[in-house]
Amino acid sequence: MIKFEDVNKWFGKLHVLKDINLQVEAGEVVVICGPSGSGKSTLIRCINRLEKFQKGKLIVDKTPLHDYGINLTKLRADIGFVFQQFHLYPHMTALQNVTLAPINVRKINKKDADRLGRKTLSRVGLADKVDSHPAQLSGGQQQRVAIARGLAMSPKIMLFDEPTSALDPEMIGEVLDVMVQLAKEGITMCVVTHEMGFARQVAHRVIFMDEGQLVETGKPDQFFDNPQTQRAAQFISKILTH
Amino acid sequence: MLEGFNFRIIWEYMPFFLEGLRNTFLISIVSIFLALIVGTIACACRLSRWKLLRGVSIVYIESIRSTPLLVQIYFFYFGLPTLGFRVPELQTGILALMLNSGAYIAEIVRAGITSVSTGQIEAGISSGLSYFQRMRFIVLPQALGVTVPPLLGQSIVLVKDSALLSLISVLELTRCGQVMTSERFMPSEAFFTVAFFYLCIFFCLKTLADWSQKKLIFREAY
Amino acid sequence: MMAFYFQRLLESFPFFLKGLWMTVAISALGLTFATILGFILGMMRASNKKLLTWPIGAYVFVVRGTPFVVQIFIIFFILPEWGIQLDAFPAAVLALTILGTAFICEIVAGGIKAVDKGQWEAGTASGLSVFQQLRFVIVPQAMQTILPPLVGQYVLLIKDSSVVSVIGVVELTRVGWMTVVRVPEGLMVFSLVGILYFAISYPLIRVSNSLERRMAVQEVRL
């Protein structure tokens, strides 16, 4: 479903992605973790072309991202992206946030889109908040609306960029619950996060990145209990002491 | 478009244009300087404790801001003689420019002073600083960053406003264009040259304003 | 003597009202065209495409760097040389439109650029086109930042419309200028002109002030 082949990216002189080779199968849930600045956000932002790279090949759902003239609209319509800062549209209600793309990109008519929107919002547990504006919602509720916004497009891949990092601790759980549910439904997910509990529960693989490189991958239990590399071990001990 | 453009005529009139340019410079500099004085006084009145001073300054500022500069120029140009004052056009023009920009400067200075957060002033009071010490060490240095860029902006406006003085026969840059047009029937050469000179002045002032914007802003760090 | 002139002035009052109406007409037309064009150009100016931003930037630079009176002279005297013969009224509306579009373009571009970048990313990630993002997500949010200076710009343009009097359009300022010949009480005549301008600008200034206040409150709540 997603295949990175020797992908390299530079921000000016800074080498942020170094020889990334990674494959994600359909239905897989992959957690990417690592210290800040390791390139994890940049990595998943390449998947839906929010970031470009200079060297290497990236194939997403049979679309080669390194070629010219690819249909970005179609690509992005099939990928849902959840941001750390939610980035909900403040001037629209939750329902309008969720239905904007289905109406204007998938060209669904408004009535069907509204029905789809309500269904998706109840899927994330917010059926009663369809007409609320983001400012009236808590952080956890806003992030769940953001997830619904991604889901309403029936994506093949869901990408999460540190979805709980900007939330107060008591709200992290409600968002993770939704993500666990999605993982169990079989959607392909790439999640950048430090939430180890989530990783252990549903991730098929954990990938550790440091300084732009993929340092170690493995099954969650294997990775957290028995890291193979020293850098991974250092990192895990640091987040454990929280 | 430019085939018929007569550069020789422009060269012939160049001393004339340069005189107009020089006059525009002088008018602008004198007016801005006077306007700064008027504006600061008006601002002080605006912020004072006495209702009378506040009222007078508010009436002054709002009348200027709600009426066009040209009307203000004509007001003095046609009005002063009826009061018995025989003021030459140049001085009348400078008076109008001074009062016009003075009102805008009063508001700019007021915004600058009120931009300094009350927390800062309270910190100063708590340290035992007097009113003047607080002004000197706390308020004015920070107000400067907020005030200087818009002041430079107002200077740019004033240079453009000075062009209206051509309508009361003051021999500044625009008037040179008008005179050359009426003497030679070559409005293109005349006014494109005039426009070019204004753009040069604008470019210099704008660069200065942008530079000051970057250099002089102090923000309270949270 | 003054009483006699005052009576003459009162008799001319309908003339002043006609001039006021002309000012309103020119301003309304100019502001409408300038708003439409200003928004279109502003959206282009806010993009990252140099092919769009440089020509627009050059246009804005020239318009902001030259006095309006010089622009009017260029439109009225130079366009005929290129075959475009315009009457005074259309020339005035055209000049005001060109002036207003440049300033409104900058206001709109500034408002669009002030919208959080994350909003663009969220829209892009959903597959929305740039135009769809502008229409549904960006511009509605930018309006918050745009409205107060936009209304302020309207007031400025109404005052600038006084300058079109130089090409003979019989708007309010020109009426004053023509009246002062027969009623040589410059103070009275132009006070009346000023009051009439005040009547149309003051409501707009109040709207602009209340918009600014409401915007500031919203920012604090965020």
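A, B and C label the chains in the order they appear, each numbered from 1.
The rule is short, and it goes like this: a residue touches a chain if its C-beta (ideal position, glycine included) is under 8 Å from a C-beta of that chain, and two chains touch if they have at least 3 such contacts.
All values reported here derive from a predicted model rather than from experimental measurement.
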| item | value |
| --- | --- |
| Label of the chain whose CA centroid is most distant from the centroid of subunit B | A |
| Middle chain, criterion being Cα centroid separation | C |
| Interchain centroid distance [CA atoms averaged], subunit A/subunit B, Å | 54 |
| Rounded Å distance, subunit A centre to subunit C centre (Cα mean) | 47 |
| For subunit B paired with subunit C, centre-to-centre distance based on mean C-alpha positions, whole Å | 20 |
| Residues of subunit B touching subunit C in the complex | 1, 62-63, 65-72, 74-83, 160-164, 166-167, 174, 177-178, 181, 187-188, 191-192, 194-195, 198-199, 201-203, 206 |
| Complex interface listing, subunit A residues touching subunit C | 48, 50, 72-77, 79-81, 83, 85, 87-91, 100-101, 104-105, 135, 146, 149-150, 153 |
| Contact set on subunit C toward subunit B in their complex | 61-62, 64-70, 73-74, 77-78, 81-82, 155, 159-163, 165-166, 173, 176-177, 180, 184-187, 189-191, 193-194, 197-198, 201-202, 205 |
| Contact footprint of subunit A on subunit C as seen in their complex | 116, 118-119, 121-122, 124-129, 132, 136-137, 140-141, 221 |
